[in-house]
Each structure stands twice: as structure tokens, then as C-alpha cells.
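Please find the structures below.
One chain, subunit A, links the two complexes that follow: it is found with subunit B in the first and with subunit C in the second.
After this line comes the complex of A and B, so read on.
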């Protein structure tokens, strides 16, 4: 039997990678949050290379990181939903997202996946999504963006 | 401190684990991807799956800001290359290499590796500690590799037996500072006569080893230093 009920959650972490999929997953999260009266946390992780200390002041001075979160807040405002922006610095985005979901007691983690292929045609999923799928204690939704025309 | 551990075998794994527990920032380089994944699962995101013998990989691992680089792979040649790049290309203040073949130690020192850790020598020393040897026993390397802690087990024919430290013409850069007599550690005083079976503990630079050997062991036996 086909389930038509809106999926429910009480607190979702929306992982923003700064790419094209951010707007799509933020809109989906906002629509569902409004229907569920759920809380939303938008998380953007700035990965710090080992050549710099983890506490180097990078994220705070990054216009790009601020833009990512501002865009999510604008979409939430349009949808009349409150979204809490969180900017993190970590060596790897995957463990940082899982830790944030745990710390916030989130019951859903939403990630976007750009459609990319390596030279040679192999689909690229990256390392963050497999890590989150393997380690997140809550439900995980991965929203893959549509295949661009001519890329299939 | 930020410590770069190259080699994610048993030694590298437990070394990193202890260092993390002691509050240090640690990154491990391991070229075997499946081993790197295994360590990541156990210790978290502190592993870079890359070959530590490549300069670009060392750079990505933060070698330029490392306080210490410990090369602990199972391959002496790799450990030497890693320490040399760390020292001369990235100006790392302290390099430590695992040396599996004791015969490579001199070369490592000569090429500027600050400190060596030799499991072979340690086991050899443990075996030899209770066996009378006609050699000086090397216990540890101190002073960033410049000094040696040495033990001499005095035999009946040792020229030092029956003499006091003040009667011995100690080579420059070398000092006797204690003895182990009947299993008890005793501080050495200038008027204390040395006896057969005493284990004399000395500290000194490598250059004075031959003179120390002649003074405490005599001209017999292998003229050298056994491992510890």
C-alpha cells in the first residue's frame, strides 16, 4: 500500500555543503518542518586541512560560509519557518555532522548530493555521505540533484 | 604538541592512541587504505591515507607545523627518508625514527635523525642484561642522540676492579654516576672501590666509548657496545 502521510520528525539537521543542492534540501526541510511543527538546524562545516590548526580562525572570516547560511535563512523566512544557522570547523564534515545531530538530539539528518562523475564516467558519492549513512544514529535523507541534461 | 606519526601499524596505532589520551594533537599517515579506514573507525578522523615518503603528502598532513615527526613504519629506508624530509624540507624541530636493523643506527644519526627507537636493540639489551658480556651495554640514547647511557658489567679481569672512580682517568665528556651492586642501585662516590660483578652506569658521548671500554672492560672481548 502506498504511504501518503507526510513523513514526521521533530528536529532535523540540514547539512549545507555550499553547492547547488543546498536550496533544494532547505526548501524540502522547511516545507516538512512547517507541516510537522519541527525544528530545523542548518549546519555548514568548514573543513580545515592538517596544515592548519583546527582552531585557526577560518570559518568566522569566511564570506562564503556566511553566504551559505544566509541563503538558508532567507529560504526559511520565505517559508515562514525558523532555521538555526550553525557554522562548524572540523577536519572532516562527516563526523562533525554526526556529532552535531547527536548533540542536538536530532531525529533526521538531510544532505544534498550533487550529481558528479569522475573522468571515465564513474559516479562520485564522496566520503561525507557514506560516513553519515554508516554512523548517524538518526534517520538520514540524501537528496540527489537531478542529472543535468546531457550528463547521463 | 602536534605530532605526525607516519606508519599505521601496531606501533603507530598504539603510539597515536597514547598521545591522544595524553592530550596531544595527532595525525597518522598510512598508505594502506583499508588499514587507514580501520584506524579511522577506531580513533576517528586523524588518518591520512597517503604515502609518507612523498613530500606533497607530508605537506598535506601538516608536516610544516609539526613539533615532532615519528617515522614508525616497518621499513628502515622509508623511516630515514621521512625523517630527512621532515628535518630538512619542513624544518621539523624533532624527528624520531624506528630502526629495525641496529646496523642502520649510525647512518640514521649521521644523516640527522634526532632520536632512534630500536625494538631489536631493546630486546637484545634485555637478553644481555643478565649475561656477563665483554662489551659495554647501551641502555638509552639521550640529549637528542648525542649522549649514550651505558652499562659496564665488571668481570674479574676488569682493570677497574679494586680501584675507585677518582683513580680512573675518565675520558672527556664521560662520567660515571652509579653502580648496581647485588641488585641495588648505589650512587657512586669518588672513594668507593669497584668490585667484580658491579654494573657501572656511565653517561657520555659516542666518541668516548672506546676509552671507556678500555677503562672498565679492558682490551679483551669485542671492543664495542651491545644493544639495549
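After this line comes the complex of A and C, so read on.
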């Protein structure tokens, strides 16, 4: 039987990468969370290169990392939804997101995907989304931004 | 941004590790730019149980706090603004006709029929004033109405007169309209007469709470009764006009009607007409409120305010002329005996039918609207106070917005003054009425005269026509101001005394602020690298204990000269402390002050004086930091047991030259 209603969820992890799709997916997540009375966790992963220890003091001092999470919180406040911001450091964003979603018993993971092309015209999806799609035990939504005018 | 703690976490797979980074600022602040944090609502959350209970009560009464960003959302649409700002003006239509007829009846039936002409003349004045204020809305979109106009065109003196006149009138509007609404209630239920003052104060408290909830919500609360009155009154006029004009149901005044006037009949002279005109002109009060509150409107503020003002004036004009037309053509005037019947209630009875449901509904709507007339003042008064506070003529708190973005201090101040008036006058409206409407016509005259100057200076297209309108308005409102003041004398003269007093008060507040600004001013081309004055520390101690040690440790880096002072009445006690002090705090000098007269505070002050006097002449006086060790009581009820001497000392030191007081609190959990 076809499901025609908006899918519901209890707790969703919203993966924020600091890009322009963050605001879009946060808004969508907030609207749906309000309707479902669901909990939201905004996760931003700062990838640490192998040249530094994983627990190096990087993200805590990064204005950019704070901006990403605080902006999401601001959107949530406007929508009258509570979002828990989580800042992570990891070698790779994909496993960190999946593990965080697992630990928090999330039943949905939402990611944004900007429309980008490689030199030569091939659409780029990156490595985080395929990893999450392959490994996350919960439902995964990937929200791709509209194709910018003239890009297609 | 300060980095928080980091907690390593193991993922599902062995190689998948991640570190969760704590964000200590996140609970209270939001990052809003390089080196800039924005405080969240949680910052103001109370930490004590009592505070939480009080906060809950406050939230229940006035709602949750709104952020400044929500200000645009709190702005008023034209529809809501009409209800908020016009209830005063529109409600005047309920009694303005009666005010005219009460004067004209002195001239008998022949004079009463002139009521319509008088009301038309007042409508012309209304149109003139409304046009003038529309122009003010557009020319002075920051609000403030006549205060802003006169400030720009006449200077400080006139603008403060205008502001004072308006402030007085707003307070009186609240007091008068509330008392008269209570009178309506007590005439319906005479057993409530003894508690009329309490009812009046409670009514003001209700309007206050509604306004503290924010202007938009107040709009929601007050819009319905205003529109119900407007619709039912327009319907009444429509039906009445049809019955008079088309069905010929009108009737004229009986010739002997003048006998009920209770005064000697007068000829229908110019003086009587002028008095009737002045009495009816009360209808214009409240017209200026929109120009005061332009910034409360949605964008484009000036245009929306001007449109709302035009609609309000049109409605008021139609209602006023309409009701007067019906009264005159139905041969209705007020009845005081055997029981009081207002003109509007008789008109409604005639049109809707005595005892009919529409009649009772209309009466209920009218009473509610009269009650809500106070609400216009609750919006205009705090805004005017905020503008005055912004310009330094009123305490700065009045410019602050409360949790719901309303000017809470102004709202509460208005409520307090108006409620005091009701209590002082025992809720008797007629004692307050002579003071009412005097200020507003002084204000109209000043603002229109100001606009004359405005046009002469700006000279835009069509300025001559606009100037002529304002000049005509200024003359008419000036006449009304004189007539209203003379007719209501001697009580009205109180307003003429109050205005200069308020002007004086505001000028002295401004002088105070100017003096303070001058005192604190620093040149903006100076670079301040560090302190150049010497510092010394004096620590009054009561012995050696943890609080004293903490205070001494706090004081050490502040100055080279750190000394403790111990005041005692027992020399042996002093010796014992000195022995211990030299052993435990050898690097801090201790001065023992023996006090055979058992004084504690004055010896410390005297010691500080001596230190000052001993300072070499010619060297700049040092800053003396008095460090007070303070024990923080765990509960509010045992606070009385501690620090009483420190508090007295603090009070004695406040304002002392070159002296800084530093409290060093010691908490038990340290």
C-alpha cells in the first residue's frame, strides 16, 4: 500500500556541513519536527587531518563551527522547535554522523546536498552521503538544492 | 570563542572514533559574528525557586518574552491600529452630541435645532485637524506627533509644553473614561456604588495587563468591541436616516423643552454657539494619538498611519454628524430626571425599539467602547514618554521595552497616576472632567502652528494650500482652547499650572543628564593606555578567617600599599590579633584602631581621612580601594545575621572622593 502521509519520526539527526543547504534542511526538519512533536539533533562534524591528534583543540576555537550550529539553533527558535546542537571532531564525517545517530537512537538522518559539478560536467555527490546511505541503520533523507539557473 | 572540553567516543567500527566538543557558551549565547555574542532568553531565566515562581506568574499574566527581532511582528496592521488608536476618538461620538445639546438647550428649542450645524462645523474642524495630523505622520514619521513638530519648528520650550499638555490629557483620558464606564456599571447595578473606586482601579489594572502583553495582542483584545460599536452605530444611523428622510418619522423639539435646562433661557447668540462648539469639540480628543505612535505601524509606517488617521476621522465624522442628525430630527435631548438617559441611548431606543435585543446590544457595545477609550492613552502615553526619555527629558527607563516589546515603564506609570487620580477623586467623573480636554487643544494649536512654520520653511508643491489649512485649524483650535479653558475655569486653570511644572521637571531632568554627560565625556582622539594614578588598599577586618584571607589575597595584586584595619574597643584583643597577624600574614601591615567609645564605622572613615591628609601635597591623590570581606549567607533568612557592619561601612563610603569599594564575597562552598 502506498503511504501518502508525511513520514513521521521521533528523533532526527540533521547533518550540517556549513554549506548553503544547511538552512534549507534545518527549516524542513523543524517544520516536520513541530508537526510530529519530534526531537532534533543538529550535528556538525569538523574533520581533523591525520597530521593532528583527533582530540586537538580545533572545533572549540572555530568561529565557523559555532556559526554553523548557532545558525541552526536560530532557525529552530524561529520555528519554535528545540534543536540540540552537537559539535564533533572526526577523521571522516560519514562514520561520525552514523555513530552519533546510532548513539542517540535517531530514526532519521537528514543531509543536504548542494548541486555541484566536477570539471568536465559530472555531478558530484561527495563521500559522506554515499557512506551514510550505505551504513546508517535509520531512514536517511538527502535534500538536494535546486539546480542553479544556467548550471544544467 | 573559548573552547570547551572534549570527550572521545568510540564508534561501531574500531577505527571510527570521534570527539564530542563541548560548547560552554551555547546554553546562554549564540554566535553572531566575529567577537560578538547574542544573549539567549535563557540568560534571564531565574535561578532561585522564588524567582522561578515569580517568572511563571509574570509569564501567565503577560506572556513569554519576545526578542527584539520580533518587533516587526508586533507592528500593527491598519485594521488593528484603528481599533487601538481610535477607541478614544470614536468613543467620543457616544457623548459629543449630548455635550452640544446640553449647551444649546439653554437657548430653547430654536437653539437645539442648530445642533446639526454646530456638529458640521466641528466635523470641519475634525477634518482640518485630521489633515494636519496626516501631514505630521508623513513629515515626522518617528512619532511623537505635536512634540516632534514643535521641537523642530519652535524649539524646546514649545515642544515641552506640547508634550506636557498631552501627557496630562492622556492621564485624564484614562481616569475620566474609566470613571465614566464605572458610572455606567453603577447606574445599572447601584449596589456596586460603594466599591466604585475598587472597580475603577481593577479596570485600569486589567487594561494595564492587556497592554503589557504587547501591542499586537492588545489589538486582538480591543479590536472586536471597537468594530462592534462602529458597525452597530453605522447601522443605527442608516436605519434612522431612512426613517426620517424617506418615511417621514422625524419630529421637532417641543417649544417648552428649554424649561428643563434649569438655567435662565438665553438668546441664541454667538456666545452660546461658541460654547456649544467648544463642548462638542471634545470629540476631537484622541485624534492626535496616531501621529504619536507612527512607529507602531507596519511598513510603510507613515503611509499606513496617515491612511488609518483618515479612516478614523471619516468614521468619527460620519458617526458624530449622523448621531446628531438623528437626535435633532427625532427631537431628542438628554434627560436627567427621573432617571438619566443619554442622547445616544435615546436615539438607539428610537431606532432599534425600546427593550429590543439590538438596543441592549448597542448599549453594551457603547459601554465597552467607552471603557476602552482609556486604551488609546495606554498606547500613546508610553510612546510619548519613550520619545521624551530618548531625548533626555524623562528618566531613561521609559525608553526601554519590556518582555513583550511594550514600553512597560510608561504603561505602569500611566496606570499608577490614573489609578491614584481615581482614588483621590473618589471615582467621581464630574470632578475630573473640568481638567479634561484642555491640554489637547493647546496641543492641537501648537502642532498646527508648528506646521505653518514647517510649510514656510520646506515649501513643497501645494504648500500654500496646506499652510492655509493649518492656519485655519490653528485659529479654530486656539479659540476652542481658550473657550474650553474659560468655560471650565477655575478647575481647568490647574492644567495651566501643571503644564509649566511638568516643563520645569522635564527641563531639569535634561539638565541633569546633560551635566552628567559633560562630566563623563572623554575626547575621542585620546588613547588610554593604563592607569596613571597610584592605588592603595585598605581592608577593614574583623579578625583572621577565611573571608578575610580571601579578601587579602584579592587585594595583594591591586596595589603595593595594602593594609588591614581592625577596630576594637579592647586593647588586649588588638594585641592578640597583631601577634597572630604577624605570624600568618607577615607581608600585610595591620593597623589597630582602638575605639573606647565603641564606634566601628566612624574610626574607619576617620582613618581613611587621615591617610588622605598624609598624602604628599602636589602629588595626584591616589585611588583608595576599600576591600570589604563579605560572608555570603546560604539562605535569605539568615542574611540578616551577617555583614551588617560591612553594609553600614559601604553606605558611609558611597560617594567618597577617590574611593572604590570592592566587596569580596566568601561562599561556604569555596
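Odds and ends about this structure:
Note that the second predicted complex is superposed on the first by the 148 of 152 C-alpha atoms of A that agree within 3 Å, B and C clash if a C-alpha of one lies under 4 Å from a C-alpha of the other, contacts with A are read in each partner's own complex, and residues count from 1 in each chain.
As a working rule, contacts are C-beta pairs under 8 Å (C-beta built on N, C-alpha and C of every residue); 3 or more make two chains touch, one makes a residue touch a chain.
Given the structure is predicted, the values throughout are model-derived calculations rather than measurements.
Of the two partner chains, subunit C is the only one that A:60 touches; subunit B does not reach it.
The partner that reaches more residues of subunit A, of the two candidates subunit B and subunit C, is C. Once chain A of one complex is fitted onto chain A of the other, the partner contacts of A:23 are absent, as it touches neither subunit B nor subunit C. When the two complexes are overlaid on their common chain A, residue A:139 makes contact with neither subunit B nor subunit C. Of the two partner chains placed by the overlay, only subunit C lies in contact with A:87; subunit B stays clear of it. Looking at the shared chain after the overlay, A:98 reaches subunit C, while subunit B stays out of its contact range.
With both structures placed on the common chain, the touch criterion links A:49 to subunit B but leaves subunit C unconnected. Common to the subunit B-facing and subunit C-facing surfaces of subunit A are residues 54, 90-92, 95. Interface residues of subunit C facing subunit A in the complex, by the touch rule stated above, are 1-4, 6, 8-9, 11-13, 16-23, 25-26, 30-32, 34. Of all residues in subunit A, only 45-46, 54-55, 57, 59-63, 65-67, 69-70, 73-74, 85-92, 95-96, 98-100, 102-103 touch subunit C in the complex they form. Contact residues of subunit B toward subunit A in the complex are 2, 25, 27, 44-46, 48, 59-62, 64-65. Of all the residues in subunit A, the ones that touch subunit B in their complex are 49-54, 90-92, 94-95.
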